[in-house]
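Below are two complexes that have chain A in common, paired first with chain B and then with chain C.
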Partner chain A sequence: MTAPGSQPAQQGARSLDPHLSRYAARTAGMTASEIRALFAVASRPEVVSLAGGMPYLAALPLDALSADIGRLVATEGLTALQYGSAQGMPELREQICEVMALEGIRAHPDDVVVTVGSQMGLDMVTRVFCDPGDVVLAEAPSYVGALGTFSAYQAQVVHVEMDDAGLVPEALRAALAAVAASGRRVKFLYTIPNFQNPAGVTLSVQRRTEVLEICAQHDVLVVEDNPYGLLGFDGQTYPALRSVEADNVVYLGSFSKTFAPGLRVGWVLAPHAVREKLVLAAESATLCPPAFTQAVVTRYLTQHDWKGQIKTYQEAYRERRDATLSAMEQHLPSGCTWTKPDGGFYVWLTVPEGLDTKAMLPRAVTQRVAYVPGTAFYADSFGSRQMRLSYCYPTPERIREGVRRLAAVLEGEMELLSTFGTVHRRNLSGPQTPTPDTA
Partner chain B sequence: MTAPGSQPAQQGARSLDPHLSRYAARTAGMTASEIRALFAVASRPEVVSLAGGMPYLAALPLDALSADIGRLVATEGLTALQYGSAQGMPELREQICEVMALEGIRAHPDDVVVTVGSQMGLDMVTRVFCDPGDVVLAEAPSYVGALGTFSAYQAQVVHVEMDDAGLVPEALRAALAAVAASGRRVKFLYTIPNFQNPAGVTLSVQRRTEVLEICAQHDVLVVEDNPYGLLGFDGQTYPALRSVEADNVVYLGSFSKTFAPGLRVGWVLAPHAVREKLVLAAESATLCPPAFTQAVVTRYLTQHDWKGQIKTYQEAYRERRDATLSAMEQHLPSGCTWTKPDGGFYVWLTVPEGLDTKAMLPRAVTQRVAYVPGTAFYADSFGSRQMRLSYCYPTPERIREGVRRLAAVLEGEMELLSTFGTVHRRNLSGPQTPTPDTA
Partner chain C sequence: MSDRWVAVLSGGLSHERDVSLRSGRRLSAALRTAGLTVEEWDADGGLLDRLRANRPDAVVVAMHGGEGENGSVQSILEMLDVPYVGTDSRSCRRAWDKPTAKSELARVGLNTPDWVVLPHSTFRELGAQAVLDALVERLGLPLILKPDQGGSALGTQVVREAAELPAAMVGCLAYGDTVLAERFVPGVEVAVGVLEGPGGPEALPAVEISPQCGVYDYTARYTAGLTEFHAPARLSPAAAEEVGALAVAAHRLLGLRDVSRTTAIVGEDGAVNFIQVNVSPGLTETSLLPMALEAAGRSLGEAFAELVERAVARGGR
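Presenting the complex of A and B:
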């Protein structure tokens, strides 16, 4: 859309914004994520979306929840609908400690801060620790929402290599040395040790101690983001980094995947002095988290078989993981490789050299399958040969159909490649400029 | 609490925090607000709290809400408990436009961003506009939570004088000139035009145009915070600044006072280009606002007589305002002056010279009455002769008792003053250092 403007023409399209000169410098780092644009695509019923990370809520007992939440309003409405404290409700913080105990964490409710999803936890931790130009280490690839938060605080992300056993300790040492040599300062390592988003891999138990030791040696804080830890497909749980080392780990948790994301109830567990800063930061950010959604979670944990519900989720996701991997095995062309998650929501797929997952996305959507291109999960320009496939939401049957469609798209792209030597003409004309999301 | 530390003794008490050297510079501006510490005091049943701004939720029809929210979970649970969009649900944004129409605002739902209370709206607006060192103009006094947010972004607050007709235009011009002369840049004027928190005064209709013109002339954005606008005691509404001028006003709204604060549903209405930035900022802050609380508000606005509920609130608060003012008239010692709110939650009281409202707070709490000292509402050290009295929550009878107790405290202080020439010895020994909150 262009408009005949009162603005000088030489300023170009952006001159249409009269507030342009007013924005804070940090807005330069706020750009639309590829996942965000994909929400629209994912909602079209004919498209099999392997893009979004929406939990399979059909597994929830809605009728029982309905009755229970109704009772909550009738009997505790005056507190559940009122302002609460910035730190979150004491009873919920006690329950959160019980949840974390399942992964070996011993914590005091006083060191827990309830947040509006663990995304807000990330935002608060970054606010408290990162000045512009500070470095955050993150796995390569890493959670797109975390990259967005770091960017909003003008922190610089340095990626650290992973393999099938998670973060590679040697790569971590090398990254720390490289950042130190560049004269910058690492504020923390951001890691998703379990069933990582987007890679689907898990940090081995042996490496956990090693990663903690390396960070302690280099005086670098560890931020452990653990939304999927209780969703291991064999019921296995790994010891949280926080369970091994309490003083140097800030832990982020969430009820989004073990209960429901629409409540936006997450938390941060932090060393006491850090917790004090986080509460002040949270108070200026939202005053207090919603008392109502906290009360709903508290009641759910009290009245319902929440451990049984987690088992139900595990089974649903295991079935979907199995459908995904067997369909990939059966249909994907040779030259593709992928991770084998034993929990969580995601498979990370690498396509043959010469293909570009972002460039081929419009073709995939035309063929009624969606995914998230790998570039979304890197702060730099890597990931063009990767994509994230989410198996959490569709039925196994739809997943199989989606993988079949994806295989057809990949085969079509490979055919173009072998015929013409290239798939996407623009790749020939030098470095790609950022483009608007293509769907 | 002191501990025999491994830390060098010369670093003092703060050395107990091993993370001290890691924090971002902005944490220096994050300090505990006086209101926050008072939440604890306010909860003791024997204290009449005229401190907190908690709405009188007993006026809500909890049984009807209970049934309705129960139905919501049963019939729409799969969407209400799922992730939503960062901007907020379309249906709610349409309803928000209808609510704003009551104050003369014509807006498109696409320019509305749903936030976790209007506090998050404030946080997002500050994030998008303020670099460290930028100036925000705010009324003197102003909302304590806004001052906290500005401080967290290292923005500097310059206060602008008010009188009984709100912000004084001449003072606004003078402040703009003074900031320009100091070489700093004003990013926006933050104003609460209706039933201001904490002063209880309202910007006159004539001044609204004048304030907008002055800001336009000086190329300064206006941030209009309007949580109380529909709570005029004679059913009167004032034209929103946004209704007069659309392009240069960012409007903050909230359901906390017209429905319930425990849901934390607020919104920002902004010019289109600004709205785009706000959505990106919000996405990195919380991913999306809770779908569940949005669905509750949407259903409430659809199924309940929400305008009737606002009338009920108006009547409850008018009765309490009347009880407050008549008790003040009857009991407070001469030399006290106060504002006469015709809506909202607050009276702003000025006590006789020589008294210090912050220093006398512990004595007031001992005599079982609580308020917020005036200094909380200034970014500088003003307000020591003022206090905010909130009449929104207690019954009229309790309010009268609270004012009686407060009058006794003030008389005791004045007696000390006339006998000894001073009440608080430490005021004699030079500038006061910040003290921990005294209750």
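Presenting the complex of A and C:
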């Protein structure tokens, strides 16, 4: 627009980004976001953050680890600080097979590819399988970091309903039929069967076989993402989908929750032919996963009581889960419902009709409590009545305080609702791309 | 090379923490380039102890929203007698509260779009629909809703249809308990920085803001490339002079000090309208004051280094 009384422009417009015309179309959603800005406040200690899924690392034997890492550099530094193979260290791949055996998986180390966190595994799997416009099926809701990856490769996500027993087989059949009817192709089903992020629910053993059968019938690959499987509170593990079906499942694993996320060590277990492609994809992405952090994990698995450490984590998270659920029972207003996880990090809260968890996030931050709005976990803007609460990091006392604050936020919103009636809220500007706070 | 050392305060707990941290980083780098010794401090519970134990020659407040602009941090600095760049605590309060600033300017006959201030309690006690109807009757549509305090356009919305009003109100009230509703003035939005020097406050060249999506919201503000800027603004000499005069008048009238940034709209009728003034303007890569300084041929570091000298000479007031 030209200003009233204007004169010809003295100089051209400045867009502040001279590369604007050069970007790929897939960067269209990469913009600043009010939501991300609000999460910057959540990192302050005054705020009880029930947002980030950060493991409770204070439970680790840091002194012993420190000494061990020192010895690693002293004795194996020349290999630990050197380039390595794109597939990952053979010794670690053998150990990974032992870890997976705890959930019933029989695998050969040759079929394991070590990745920079399982997020890189997800990225590679999507890169290898998805062309723009391909359909990926994912639970409703699903992991925000996975949705971000699918979006980056311009895949279309179709959500499949879940209930307290996980993915609903009938809904899976219906989704497959609907996609087929639309003339599109489903490349894979992405699922987190154990203590799901964000819903906290677990796919029942009975349904596991059914889900695999449906996918086999429809020639759809299953991508099983299992970062939380060993974190069941009663120590129970569930048979991995990969333990039932080896040829049609690509399995993603991670040491981020059972050891430490800062090491960024995850893996993919894939059928032989897929594994070959993943190694080439990994090579072009990073040359090789970090030799140093692989060596740290290898020494940890060799020299520490890692199964005992998992038990320590289980107990810490059970105590936090209990604190969360009892505080919710005590403080949250009627009309709220939530899942009751048996493991993992997350509770999925549904608030009363008419409230919008994304729109009320600024009020929550003002009250010094943070959560992740439910819409972050959908590719189709559903989830406005839901939020994910992470209990993994704060102490039980802080969790109780956080839930008390959250209850006050909800009461304030309900008062607004009673003043203005049910309204369709605006969206806070910008996307909800994953960050370490939301992932 | 200056022997001054300054603490740049940024972060804090406001909704604008992220923007403030970016402002603080950029300003710190600019001041270092200008030869000053700089430490970047988050405004947290350890601030008083740090100020007592390691007193800088001056503090530069690069906090946005909340404590950084409502006079709270300035009050602390005044109590501790620490020199600082920027407006004193009492005047911060006047500028921070948008309706107060508008009232002050309107009182002396300066243009500002008609407005109504409504706390949530008014809607609750008198009935939302009746109040909303009266609001539309008074201001017409479209209208602008914004929190009465705060910046970065957080919570700000343009309402074009009466049916959108309840939702917009609820969205706005998520940022605070009181809404400022303002008549929408179509025209060209400009930001005018004011910098004080030996000759008093002087306006920098106006920066014209032209967001691709038509609304200069949070995303348009902080995503490089989503908004086009013209610095100096494509205004006639008379209009450019008028917006500059308005910014200086707001700066003087509200008792502001060292630096401020006024937002104004040059309406389709050519009238210049005051929208709001900011005592701690954004200094990020996409912020307006650094663009205005560049258009004036000045660097961010050099300009703020001069303000540091003014603050040191003034002492902790």
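Here is the rule we use: the second predicted complex is superposed on the first by the 394 of 439 C-alpha atoms of A that agree within 3 Å, B and C clash if a C-alpha of one lies under 4 Å from a C-alpha of the other, contacts with A are read in each partner's own complex, and residues count from 1 in each chain.
We adopt the following convention: a contact is a pair of C-beta atoms (placed from the backbone, for glycine too) under 8 Å apart; a residue touches a chain by one contact, two chains touch by 3 or more.
Quick caveat: nothing in here was measured; it's all calculated off a predicted structure.
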* Could you tell me if A:T31 is touching chain B, chain C, both of them or neither one (first, second, both, neither)? => both
* Asked: For A:A59, is the partner it touches chain B (first), chain C (second), both, or none of the two (neither)?
  -> neither
* So, A:D17: does it touch chain B (first), chain C (second), both, or neither? -> both
* Asked: Looking at the overlay, does A:L102 come into contact with chain B only (first), chain C only (second), both, or neither?
  -> neither
* Asked: chain B or chain C: which reaches more residues on chain A?
  -> B
* Kindly classify A:V205 by the partners it touches after superposition: chain B alone (first), chain C alone (second), both, or neither? => neither
* Would you sort A:A180 into first (chain B), second (chain C), both or neither based on which partner it touches? => neither
* To do: May I ask you to decide whether A:E415 touches chain B, chain C, both, or neither, giving the answer as first, second, both or neither?
  => second
* Tell me which partner A:E46 touches in the superposition: chain B (first), chain C (second), both or neither. => second
* Touching A:G70, do we find chain B (first), chain C (second), both, or neither? -> first
* Do any residues of chain A touch both chain B and chain C, and if so, which are they? -> 16-17, 20, 31-33, 36
* **Residues on chain C engaged by chain A in the complex (per definition of touch)** => 11, 13-19, 21, 44-45, 120, 123-124, 128, 152, 154-155, 157, 166-171, 173-176, 187-188, 208, 210, 217-239, 266-270, 285-286, 291
* Residues of chain B touching chain A in their complex? -> 16-20, 22-27, 30-33, 36, 39, 52-55, 57-58, 60, 62-63, 65-67, 69-74, 77-86, 116-117, 119-120, 123, 127-131, 134, 145, 148-149, 151-152, 187, 221, 247, 256, 260-264, 271, 273-274, 277, 280-281, 283-293, 295-296
* Sort out for me which residues of chain A touch chain C in the complex. => 1-11, 13-17, 20, 31-34, 36-38, 40-41, 44, 46-47, 359-363, 365-366, 368, 415-421, 423-426, 428-430
